[in-house]
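In the two complexes below, chain A is the common chain; its partner is chain B in one and chain C in the other.
Coming up: the complex of A and B.
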């Protein structure tokens, strides 16, 4: 009798275990990015943000008993490697994909269409959205970031039409916002674009700065990565031409879009970055808030150093993962199977009452069939006492263009 | 006039740093006829070693700077001993391919450290106020860069002209077989050339790192950026590297100051040095001061 009871108990336990095991699913989330190679200063913390948030989601059972397996591959900023990684991820059965660079996003755009897979890149290039149904930018495009900065200049410039120069990366990434900003000027934004400067690997930008000064340029809006901006700011500091207050007469006020700023810029140009104005759609750990608390808690939980924990690229990686996992959670909550089609639908339905607030952004994430730019509100930050501090409230640029 | 003087001084400063960065290429080519493709990675390594000594080991910046030069001196010597010594006598293309491999190895090693993917700056050392020179401003880092370049070039010129080792290196450069026949150790000369190249690369890395900040992509790119300087000066001429460096620096600054942004022109500061390089090479295919070898058949 006792023997029978034991066998029955073991049998029941095994059956329960089998049922539980059968019910718990593992979903794959994949990203290919530059952990080494060019731009790895952004890619490395970004990858850690992705990795940590997946761990956090599993630990917190955001998908209940289901788990997420994250596949992170280094592509060294090489598009051919990204493509190979993407194809391998498809073989793994990923339902959603996180990409990285502008070049690879543009190159793989057709693949995303053919595979009908929703893709969230780290690149906010507006051109990603042209002829694309499956690419979703996490925040406003670079074009709209530059337009937001231009609007800020126009609204805060004292007297006359502001004279602006653009300092851009010599690539599709850098050139993207130029025409859109010119379009905003044609549409009524009252500023003069005096010159568009494509930088090189400069050791000394004195000549450029002096030329722009001689043309009466008051504001330089940068859209590139931190290193060339650091050289520009250091030279401007040496020449004594950095405005100590916004729009100071006879000086230049420097501003920049997402990838020009963050703690990396302060690390490269500690004193010269003072009063640099920067825009992004992410919250920063230099300011208190629920996003900061969440980010620092996750970074601490998974043993990240201070530099990573406070990097806006870490925030960026976390945020795209939050969005991807939220679509999974919603699909599951709606009783749908988690696959490419359902996650795509959930992303497109992320608006109105269904807008998603990941806390790590300056506004809610909203997507629809016609709007694939997530966070519409941009925040202006300024370097004050060695850290970025917000200036005013987040806003949606009036002249923003939708692709 | 101040505008012109500022461009002139900036051009001279940039040119001097180009010359210092180009020296490593010249030193190795001069003795072994090998182009070290991994030179940019050695420049970056020198900068990172100086940073690590200063920030992590607490060594004063000036001492770290000279220590980094000493360390890369011995590291480069070791690289030559381990990877390149056994290739003596092999086709030059094989040796160059090894330096390409070396570039990947150094890249990999640096990416394993925090330096590969982070941005940093040397602690402030020089006075923040710039120097005023005839109305033009120059930072202390730039001034030190120019002085250091001048000292290193003077020292190397003396070394090659007066020291036994330097004369041996010149002899090996002229004719390896004849040098061996009179008892010069060609492998030792190659090792010394690599070591000196490492030393100058670290000096360049320290200066560039102070100007641009420490970003691996930016630093190792200078190995390629100075390549036109090396070609223009003549691959085996130290004086040529200096003259070509200064020419390139001046062209870039004057093009950026007077051409870019005018008459619809953009990017001339980037392109013009290459155009001038091509034109000059049409008339002087061995560069301005390169050895013109005459082969008799």
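Coming up: the complex of A and C.
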């Protein structure tokens, strides 16, 4: 009898072990981005953010015994290479995809639709959402970021209608917000857009600045990447036209959307970036909080240097991974199989009481069938004593456009 | 000519007609047909991923483009630094048809061979127009004229709403006898389609070079005044060389558009033009086989360096950004090494190998 009991117990234990082993799954998460080549200054820390959070999720067993395998491929900012990487990922059976550039997101939009795969890009271009059901922007679109800055200008300008110029990247990425901002002005936002400047690869913008000064421009809203903004700011500093306080008369106040700012801008233009106003939907390590503590802890745990640990692009990479893994966790908690369809459904259900707070953003992430812009609240930051400091509370732009 | 055309070990021509044969020996003919048969057959025996097939499709499309570039630069001796723009003309012709008729219009999805030829013809028209300065310009000055076309092309696409300001313009999936070509078969389907176009284009070019018009290209390249004195029209020859190059480029562009299911400006930049020129140089300027070797060599080199960059970025310090520099460095180095040590390109290696086996097992 004892022998039989022992055999049964061992048998049961073996069966349990076998079941447990069989149940542990590995899910794949993939990203194609510019680790080398153009924009790799943003892409490299972004990739590290993705990689580290996956390691952290596995170490912390966020998905229980299930593991996540991350596939990170360098596309050198080339759409052709992104397409190739994406094909590889599909063959690997990924249930969700993280993309990077505006160009490749627009180019692969049809593929995302056909494959019915939820995609979270690093591009916040509003056009990504046009005729798309499967693209989810992590935070407000560039258009809404520029509109938020415009609203801030209108609300804080002293006397009269503010005169604004836009300084944009000469591409789809840069041009995206122009029409939407003009639309906001037509809808009642009281400001004059004096000129839209598409920068080239100029190393000197003195003439542009002098022309804008002669037209009475008080504010320049930038929507591009850091280096042209740094050139603009340094030239403005040399001409002595940077406003020392917001809206200072006879001077220009500079503002910028997500990819214009961050520590890289301060490194490129250490003194000229003082009083630069910037908006994003991410928390910054210069304003400590639970999200930044988590970020710094993860960066330290996986041996990242200070520059990476404090980069908002590292935060950005971490945050999209947090969202992707959270959808997996929720699908699992709801007893669903983790696949393209269930993760897509979980993303669309991420609202109301189900909104997700990754702590690394300035507000909760909310998605629904009609709203594919994650974090609705934007925070304005200003460069003070060589670091970005919060100005006021995060807010949702009143004239925000939904695509 | 030797009576036994299977075992010919030298050139024994007794007439110009014999010299102009497509295949000098029966072995040549047999090898080529076997190669073509193998290229068509292997996908049925070897399973390849979509990623691998995409790489092969890209190489084949580049071959079509380089056949054109080799005609204008290799055979006619006219430097073209704007070849990617001609490829872009073909791609945007297809994309414009899509935006005009609808991405899934039957003309685009069912009559795609017609669309491809049409795109080639538009490429030829642009080639002819850009070739007009060749009537008065030569050498570097002509190169600058083609460079200007590249710049104008990029500017027009980037700023014109008609071309979606350089953003991707989509094209729908095509149909074949078996129905709609889905994602699963997309790259395999285009492999066969592009391979067919490569084979046809290769024979077309080979035959062109046997004709009066083909020989005119070479004569004008070697000495246009002498060609003029011999009754040829150097100006007309140069213009049609550009038109032919534009035609092949246009076809390549249309294929690219169908393969990637859209056209975006970043595939047709100056950098791409320089890549095409490098393919022609590395393959062997003025040789037909060079048009096939060059694209394969450069595209595979690109892929190798890409993997090397990606791997090295995992341990090289990001601040040094060495991984980013690897690709342009390798690319430049390969061109310089070929120009210095093998200006006749890989095609010359192929010629040496063929000569060796022609005589084998004898030394002389």
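Keep in mind that, in the parts below, the second predicted complex is superposed on the first by the 386 of 403 C-alpha atoms of A that agree within 3 Å, B and C clash if a C-alpha of one lies under 4 Å from a C-alpha of the other, contacts with A are read in each partner's own complex, and residues count from 1 in each chain.
The definition used in the following text is that contacts are C-beta pairs under 8 Å (C-beta built on N, C-alpha and C of every residue); 3 or more make two chains touch, one makes a residue touch a chain.
Everything numeric here is computed off the predicted structure, so don't read it as measured data.
**Student:** Given the superposition on chain A, are chain B and chain C in a clash or a fit?
**Tutor:** clash
**Student:** What is the contact status of A:204 with respect to chain B (first) and chain C (second): first, second, both, or neither?
**Tutor:** The answer is first: A:204 touches chain B but not chain C.
**Student:** Can you tell me whether chain B or chain C touches more residues on chain A?
**Tutor:** The partner that reaches more residues of chain A in the superposed model: B.
**Student:** Would you sort A:170 into first (chain B), second (chain C), both or neither based on which partner it touches?
**Tutor:** Both partners, chain B and chain C.
**Student:** Once the shared chain is lined up, is A:293 touching chain B (first), chain C (second), both, or neither of them?
**Tutor:** Neither chain B nor chain C is touched by A:293.
**Student:** Is A:196 touching anything from chain B or chain C once the two structures are fitted on A? First, second, both or neither.
**Tutor:** After superposing on A, A:196 lies in contact with chain B but is clear of chain C.
**Student:** Between chain B (first) and chain C (second), which, if any, makes contact with A:73: first, second, both or neither?
**Tutor:** A:73 sits against chain C, while chain B stays out of touch.
**Student:** Applying the document's definition of touch, where does A:234 land relative to chain B and chain C: first, second, both, or neither?
**Tutor:** A:234 contacts chain B only, not chain C.
**Student:** Give one of first, second, both or neither to describe whether A:337 is in contact with chain B, with chain C, with both, or with none.
**Tutor:** neither
**Student:** Following superposition on the C-alpha atoms of chain A, which segment of chain B from the set 56-64, 92-100 or 128-136 overlaps chain C?
**Tutor:** The superposed arrangement places chain B into chain C at 92-100.
**Student:** Show which residues of chain A both chain B and chain C reach, each in its own complex.
**Tutor:** Of chain A, residues 35-37, 40, 44, 170, 307 contact chain B in one complex and chain C in the other.
**Student:** Inside the complex, what are the residues of chain A that reach chain C?
**Tutor:** Residues of chain A touching chain C: 35-37, 40, 44, 73-74, 76, 78-81, 83-85, 87-88, 90-91, 103, 106-107, 109-111, 114-115, 127, 170-172, 175, 307-308.
**Student:** Could you please specify the touching residues of chain B with respect to chain A in the complex?
**Tutor:** 3, 6-7, 10, 13-14, 17-18, 107-108, 111, 116-121, 124, 128, 130, 137-139, 142, 208, 211-218, 221-222, 225, 252-257, 260-261, 266-267, 269-270
**Student:** Using the touch definition up top, name the residues of chain C that touch chain A in the complex.
**Tutor:** 49-51, 54-55, 58, 158, 165-168, 170, 183, 187, 260-262, 264, 266-267, 306, 309-310, 313, 318-319, 321, 323-324, 326-327
**Student:** Mind listing the chain A positions that touch chain B in their complex?
**Tutor:** Going through chain A, the ones touching chain B are 35-41, 43-45, 170, 195-198, 200-208, 210-212, 214-215, 226-227, 230-231, 234, 238-240, 264-265, 267-271, 307.
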